[in-house]
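Lettered A, B, C and D in written order, each chain numbered from 1.
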Amino acid sequence: MNRKIRYGMVGGGRGAFIGAVHRIAAAMDQQIELVCGAFSSDPKRSQASGADLFLPPERCYGTFEDMIKSEARLREGERMDFIAIVTPNHLHFRPAQLALEQGIHVLSDKPATFNLSQARKLRELVRKTGLLYCLTHNYTGYPLVKEARDLVRAGKLGKIRKVIVEYPQGWLATRLEATGQKQASWRTDPKRSGAAGSIGDIGTHAENLAEYVTGLQIEELAADLTTFVKGRKLDDDGNVLLRFQGGAKGVLHASQISVGEENNLNIRVYGEKGGLEWHQKPEGYLEAFANIYKNFANHIRARLEGRRPAKDDPALDYPKIEDAVRGMAFIEAVVKSSRKNAAWTKLEV
Amino acid sequence: MNRKIRYGMVGGGRGAFIGAVHRIAAAMDQQIELVCGAFSSDPKRSQASGADLFLPPERCYGTFEDMIKSEARLREGERMDFIAIVTPNHLHFRPAQLALEQGIHVLSDKPATFNLSQARKLRELVRKTGLLYCLTHNYTGYPLVKEARDLVRAGKLGKIRKVIVEYPQGWLATRLEATGQKQASWRTDPKRSGAAGSIGDIGTHAENLAEYVTGLQIEELAADLTTFVKGRKLDDDGNVLLRFQGGAKGVLHASQISVGEENNLNIRVYGEKGGLEWHQKPEGYLEAFANIYKNFANHIRARLEGRRPAKDDPALDYPKIEDAVRGMAFIEAVVKSSRKNAAWTKLEV
Amino acid sequence: MNRKIRYGMVGGGRGAFIGAVHRIAAAMDQQIELVCGAFSSDPKRSQASGADLFLPPERCYGTFEDMIKSEARLREGERMDFIAIVTPNHLHFRPAQLALEQGIHVLSDKPATFNLSQARKLRELVRKTGLLYCLTHNYTGYPLVKEARDLVRAGKLGKIRKVIVEYPQGWLATRLEATGQKQASWRTDPKRSGAAGSIGDIGTHAENLAEYVTGLQIEELAADLTTFVKGRKLDDDGNVLLRFQGGAKGVLHASQISVGEENNLNIRVYGEKGGLEWHQKPEGYLEAFANIYKNFANHIRARLEGRRPAKDDPALDYPKIEDAVRGMAFIEAVVKSSRKNAAWTKLEV
Amino acid sequence: MNRKIRYGMVGGGRGAFIGAVHRIAAAMDQQIELVCGAFSSDPKRSQASGADLFLPPERCYGTFEDMIKSEARLREGERMDFIAIVTPNHLHFRPAQLALEQGIHVLSDKPATFNLSQARKLRELVRKTGLLYCLTHNYTGYPLVKEARDLVRAGKLGKIRKVIVEYPQGWLATRLEATGQKQASWRTDPKRSGAAGSIGDIGTHAENLAEYVTGLQIEELAADLTTFVKGRKLDDDGNVLLRFQGGAKGVLHASQISVGEENNLNIRVYGEKGGLEWHQKPEGYLEAFANIYKNFANHIRARLEGRRPAKDDPALDYPKIEDAVRGMAFIEAVVKSSRKNAAWTKLEV
């Protein structure tokens, strides 16, 4: 199939942060091209944003509904092959749902949905339609993270005993949302972010990373969430004890009030025979993000060409709907445990 | 007073580990000299160990009782000024008790005693006799740790919100005690080590460090201890959620099964205005240990010269009997919490 | 101007290394698109390489002459705006020369040409045609390198006294070229690489970096080149003493036999008031490369739109023909000095 | 022999820097004791300094001549076994000479003497008397440096090709000597420091380290010395190209005007099969210094007990008179080369 995979974007207009990251990630390997967008709920802003990206005006839509329905009517090879959803959390579900209903593959920023119930609904739709779904837990796109997973999988560490996974940030140590800063505003707003603050925003990355590297699922957890900044409505810090299937123990902590920390995701895994450690800091963030896009696009390409990737084909190595549901179950378990004074709580997927 | 401060050692004979470290620490600043010892319960071994150290035979004793009583009869300036106890945990209490009863100052390796009740008894004796007591939580001897404490105390970090303190080691990842290795044997033996394994051996260092740097006391904790190595009787790993007085939260984890880690004590403290981080690895272990000895010896010297150190005199900057009691209370709280499936448990000093 | 800047590539076909890097760099910011290529002197290979990149067959040319002449006949907006030359060193000059003669802007991998004389000819052509020329000394594309340059320029370091610039690699510690490895073969071949080996390949990066960061030109140098690997025809290691205009001194060393080093470019600059240090290792290689492309493309865009960038516009911040000539003068001076047993030798631009 | 090795100190009175370091190093392993001193040319200051160290007044001398002659008259076991010379450079030679003449072993701070001619005289005396001489190039006392030397010696790196050795400091970036600062004053004074400034003070450490680790001697060098600080009489920066016996090449640079650098000695060695790297920063400075003392004391002990250490006995692993002469030859060669505009100059031992 001699053409690039085509996508449309929901969100990511002028002034947005993560949308631009997604576009770079999509562009980097030159296998994917942006063909349309509903960049903003303000049609003019959507048009202007599309013009910045050299898109023709007729494919810059005012709403995601319009985009999905219009594009679905185009012929294959012209229409978008998948939709990339880069809006705040509360606007993830509906475009994902509609796209799946219209036969369009879906890539979504994390966390997958506003709550666990929505994630389960998407899982149903994905199963029913057979379409592809990708959740951009971009940290699993790092080559060294994949190497870590491979080492564990190959048994080099022996049976896993202990996992420490950390995600400290410091940018919300003061009440930044009160200044109108856009990123802070929606992330600290229960109506747009969901039931959790830091745990939803970055704790889910830590959870996904721990499960990806170890190949083990978190069975139960005991969580102590705190809101340190006065007036804030969601947690800005969380410390969590973990118990994995098979007996491994762990600690997960995520924080957005850890002054001096920028984006210090890291994990340590100790097994009976060996240990490993990975820190996010020095590596290529964009390249890792691009790997998620590339693998997903290659899976779509295989579909379009009628091929079925082999089990170990990298085209299958991206976070899927099951990861999406687990992430939402993690958020709900953490919040529930913390409300019960850190009582042990199981993940219900 | 134109002479060095004199000490006698209990334990630390040939083949011991920490005794030699204590002697180097004592020697380094050239303010302290070793004058006698009961290095081993085997009198011949005690003599031989003393000869290695150029001590006269008559001051190499077969028992600590003999040493303490004999030395107490010598005149001041000749007898030992303090006793240094470097035996396994279950042998800390009795020589400390006897020395205090005989008017001799006491320096002891940590943890202070076998259980909390003994520590409380020592506290009573120290109060009653007015003698000095030093517990060698050597990590608080590092200049950078003192700098960290000073930064917090001066308010540079603002009100403290979060503390992460870690002490991972890997040397007990296999059942080393089964090989007869001396250090492993007593540390994993409930009769000699006490109610806790890794938490008593190194978790107490982490606890002491966190309280020293932040100036805050741990109020309650939720602990999940594990014994990963089959056949071992004490915990070899522990993950603990912390709540400090005044509302700060924290995580403490200590482990002796974290393969690949040598002795990686570290702490991170985040306040409203700033954060700090300290790692044990690259600094001078012996120099830090020596600082504890030096400060304690200077306090004894002040006593001998009838001086009372000012409040901020470094001669007062060493861990004292209150730290000893808190350490034992920490151990008991952790063990109790873990038995109740990580229920929140208060420290009872 | 509502379209991307368009380029054609010379070299970079299947199996090439740096060509793919250039294409990623060009793609990343979504401002530039590849529209044609002469990827190989083998027309079939050129076609196949173009097909991999989703180019139409009619714009995959068999020779750079054909490409330049054919594209020059297309109308603006359709034809390539610039040519990217990613061939071995001896094939840089002719496509650059022809493109300039045909009115096409030029971007070239480094070193600019096979020898100094060719670089001077290109300088003449650039001056005469008024076209733009970019040399991809990609390391000056790193944000932190630009920050370093800005610090020096703003006088934060005071007058510069000393510069240490290093570029150790280890991949040519054995006679890799004898195995037929493509990258090693041409780099160690005087007919394709030029008068210098490691000094031309990576020493020029170090030279360019030192001059970029300090804003000072190297006046004279004393060089000791060595060929450590038997049978190799060009230097694989060089140590150079530097003297800059204005009295600063320095050391530059570049090596491809430093086993264990991957690509460890770094620089330290010390002035009267401060010092700075930069290491290539942890940063985003592709992003830095992309910055060179982006700035160059923005300069071309300004030309197409009839705008003249302001003096401090980033569109002007990329290595130009003067850097190209200085790099070649550096190579010739080093080789000359080394032949005279490290006699001081001036750079003749 | 059931006693500690005894030493007397020349220099190192109140306010001195390196003398205190020597005393800690000597004390640390508890094998050596200080028994006398001529700490200052001011007899009262010498007495006071000795009292600080708990020495009896009768063994605190006003001059080194008095000390050496008086101690030489005492019986063995009471008198000092060796003298430790910790004065400025111009006062190294005479006490060393006198001690050797009086049958006392000598340990001296570096560089060994004021000039090469004096070092050769000491070499003659050492050969004639058969006494022991130790030069405290303390950096060779680091366990990891010894490990590096062992790796090279065992052939793990293959034939050595390239050596980079650096010693940047920044504390003399301004004219500190003009403020009367004691350390800066004598180090920048040709009458007390010798023919070289930074090259004599720290460049010799770098030279000794390079030769110790590689086991290769520097054959010739090309040096570019600079005095950056106006009014200073000796070099404060030097860049040196090295050629070792057997064909290895190298770079040595030492600097005391590299602002921001504290004491960043480091070395990299590359051979045909492997490379290694050592940085001074994170290790135990005092412990390394103590290792030099310990080995030297053990050599003296063997002498006193009539034993001859085996070839690989650590008691022989300390810098000796040959290192002393090579260090002075290095200084003279560097100064000579620099005066000839970096002409290649051989080391004449």
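Operating definition for what follows: a contact is a pair of C-beta atoms (placed from the backbone, for glycine too) under 8 Å apart; a residue touches a chain by one contact, two chains touch by 3 or more.
Please read all numbers here as calculations on a predicted model, not as lab measurements.
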{"item": "Neighbouring chains shared between chain B and chain D, ordered by label", "value": "none"}
{"item": "Averaged-CA centre spacing for the pair chain B and chain A, given as whole angstrom", "value": "46"}
{"item": "Distance from the mean Cα position of chain C to that of chain A, given in whole angstrom", "value": "38"}
{"item": "Euclidean distance of C-alpha centroids - chain B vs chain C, Å", "value": "59"}
{"item": "Numbers and ranges of chain C residues touching at least 2 other chains", "value": "none"}
{"item": "Chain pairs in mutual contact under the definition given at the outset", "value": "A-B, A-C, B-D, C-D"}
{"item": "In the complex, chain A residues that touch chain B", "value": "157, 161-162, 164, 166, 168, 170, 173, 222, 224, 226, 228, 237, 239, 241, 243, 249-251, 253, 255, 257-261, 268, 270-277, 341-342, 344"}
{"item": "Chain B contact footprint on chain D (complex, rising order)", "value": "2-4, 23-24, 27-30, 34, 51, 53-54, 281-287"}
